[in-house]
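Only one structure is covered here, and it is reproduced in the block below.
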Amino acid sequence: MTRWIVLLAALLALPFAAGEYYINLASQIFIFAIFVSSINLLLGYGGLPSLGHASYLGVAAYACALLYLKAGASHLVAALLALAGTTLMAAIFGLIALRASGLGFLMLTLALSQVLWGTAYRWVAMTDGDNGVRGVMRPAPFGLNLEGATAFYFCTLALTAAAVWLMARYVGSPLGAALRGTRDQPRRMAALGHNVWLVRWITFVYAGFWGAVSGLLFVYYHKYIHPVSLSLTNSAEGLLAVIAGGSGTLGGPLLGAAIVMLLKNYVSGYVERWNMLMGFVFVMIVLFMPEGVVPGLQRLWRRFRSTI
Amino acid sequence: MQYWAIQTLNSLALGGLLFLLAAGFSLIFGLMRIANLTHGGLFMLGAYLGVSILKVVPNLWLAALAAGIAVAVFGGLLERFILRKLGGNVLSQVLVTLGFAFIIADLCLVLWGGDPIPVPTPAWLQRPVFIAGLAFPAYRLAVVAIAVLVGVLLYFLMERTRLGAMIRAGVDDREMARAVGIPVSRLFTTVFCLGAGLAGAGGVIGGPIMSAYPGLDSDMLPLALIVVILGGVGSLVGAFVGAFITGFVYTFGVARFPDLAYVILFLPMILVIAFRPKGLFGKFAA
Amino acid sequence: MAALQIHNLKRSFGGLPAINGVSLEVAPGERRLIIGPNGAGKTTLFNLITGDLPADAGRIVLFHTDMTRFATHRRVHLGLGRTYQIITLFPRDTLEHNIALSLLGLRKLRWNAFGTIPAGLFAEARSVLQRVGLGALAKRPLSEVAYGDKRRVEIAMALAQNPRVLLLDEPLAGLSREERVTVKALIAAIPRDVTVVMIEHDMDTALDMAERITVLHYGKVIVEGTRAEVVADPRTREVYLGH
């Protein structure tokens, strides 16, 4: 518990110590952290590898942007409808994807997500295709101006803290215990009277909801949304962050989000081929540090020490 | 009438290409339980390799063969030295293939640049063929013919050869196959090579229709997935039928609702999943 | 009214009939033993009863209810309990957590997505463990516990739900002699309001645990009756000596 408080204190102090570039980077990490945590709900706690999570981020972002810019909805209405619509989409996708488990589930989530990505590009009348949608303004809840980096930072920090807290409650609850049970021994859980499908579906919808939340924050931050945000690459970055941070814990996704975001930000300055690097990092982590970067490095360090 | 005929042929040609792509994917998935996410990338790699080979050997069929072999070798190395190390951990294998998909995509970008490269149709197939007073582009007919030929050869391989029997045994029950003395590890590598080779050759054969361009892998992978989900895992017949259904739905969908073609692809997949999670001909639920 | 009735149950795997028209009836409170050589279909029969496998034909009735088409978890809610031949518990969790998952299985509490698991539930889990003699190990992770103790946890898990019919799939498998004595005593102590159906492979050890015995062979019931009847029947001997 103290670790979290220390972290929170450090994050609250950040804007007073660092410049705007870092404040903005931190905001991006928070948004990504919500996204990664929602993937982890499914993968780490539920044992369900979803390869299409970027769909929820992207659809929520597009829905919010289009409702606000094209339908003239207010910020509140656009956000609520986007959240509700995306969560409903998650509910429907869950019905389809959960007809299978394991690899079949993965393939279905991937196929569904790719279909949405392709649609975002081609349905030019609605989404303006490759141009993306620009011009989204940040909302002003209770009159607060969020255009500035610091104000947006604190708002995002608050929402991320709330998200992490709520997800922590979820995994610590009886339903969360049941979810972990279905991850480890689904047949046994059914034989104990648990409705394995329903536990998974509820989690799927909840994870979709948080993916949508990250999508809203994403479009408010960037004021822009493009089909690439729905791509497999985006989903994969989220997965990479889960694996890098260590799945199945609450802190893992946060760490992983920071690692991937920082890597992306600093490396893309020097390396042109981010995708290739990401692929390479993926392969390295899965081969040599599957439990996460930190435990993996610790283990490799211990082995190194014992050989010299 | 001409319009419908052309669209039908386009559907068949796309179906043929999808069969070349999906047959390998389905075999790999069926036998090794690996969802090979590099498969779209292997198709694209084949297409690009074909482009380069054509500069030296201006024969499309030889280029397809050569590219197929090269991609098969690549696939074999991938399976033997990387995937096998992950010892059946499903998620790890998927993530590694995903990582390699990105590596391949960027590699192609570096080696061949960002502009789409057209692949020339073989000269003798550039003219139309007249059947019942309607004109059909000869190359697309050829693609359909090739797909059918490959389908027949694969069927022969699976049903009439020892290798095929071993593959079928492995798909049905891997442990039993091992227990009966089938060299499962070597079989895995062989099947992976076969699947990769088909994808690579398919990329070249598809070249005159689709060109080689960055993003070809992301366009083809979901189609392969839909074919396998529709047709069922581990079934050659399923891949064949699923490929042509998908070809038709996509082609006519694009023609009628160009913006929503991808959504239209959805529908048969959802229907099949809802009523038959195994797919139309699948050996087991994915 | 029978506790468990099976009518002409059939199940094939790709043309091979694993269960080929099995009918049986277990009276409430009875101790029934199902035996038969390897491959006779015993575990398949259990899987059909619990719904892990769907039946091709036939009916499965628990007291009043025809549960042939029910999903596994629904059957559990009707009062069916089961242990598995291979231990499939939760190794990373403590013994009391394992039992708690079982206790949650039948309670509305399992849908609570916000609160914590109440301390009372763990206390209840501990008392369940106490009853099978494992109270001292409640806070140990399951992976650190001896095999024989894991078997007892399996049985405790099923008993924790107060099932009406309990299926025990080879409960003595892999146990040492001392462990066998303990587990047999545990099974013997199960109250009479629970009907017990047991699969055992080793006829000698299991015989004294059962009142009625059903002998299965190639998916069919070959002999059924009291212990004495079955032991005396020449067909029983044939089935086992044929191996």
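Each chain carries a letter (A, B and C) given by its place in the written order, and its residues are counted from 1.
Following the convention adopted for this analysis, a residue touches a chain if its C-beta (ideal position, glycine included) is under 8 Å from a C-beta of that chain, and two chains touch if they have at least 3 such contacts.
If you're wondering where the values come from, they're calculated on a predicted model, not measured in any experiment.
When the C-beta pairs in contact are tallied for A-B and for A-C, the bigger tally goes to A-B. Comparing mean CA positions across the assembly, the chain most remote from chain C is B. The chain occupying the central position, as judged from C-alpha centroids, is A.
Between chain B and chain C the centroid-to-centroid distance comes to 47 Å (mean Cα coordinates, whole Å).
With centres defined as mean CA coordinates, chain B is found 31 Å away from chain A. The distance from the centre of chain A to the centre of chain C, each centre being the mean of the chain's C-alpha atoms, comes to 42 Å.
Touching chain A in their complex are the following residues of chain B: 29, 33, 35, 37, 82, 85-86, 89-92, 94-96, 98-103, 105-107, 109-110, 218-219, 221-222, 225-226, 228-229, 258-263, 265-266, 269-270, 273-274, 277, 285-286. The part of chain A that touches chain B in the complex is made up of residues 43, 49, 51, 96, 99-100, 102-104, 106-108, 110-112, 114-119, 122-126, 231-233, 236, 239, 243, 273, 275-276, 278-283, 286-287, 290.
Remark: chain C residues 50, 52, 71-73, 76-77, 82, 84, 88-92, 97, 100-102, 104-106, 109-117, 157, 161 touch chain A in the complex.
Residues 169-170, 172-178, 181, 184-185, 187-196, 202, 206 of chain A touch chain C in their complex.
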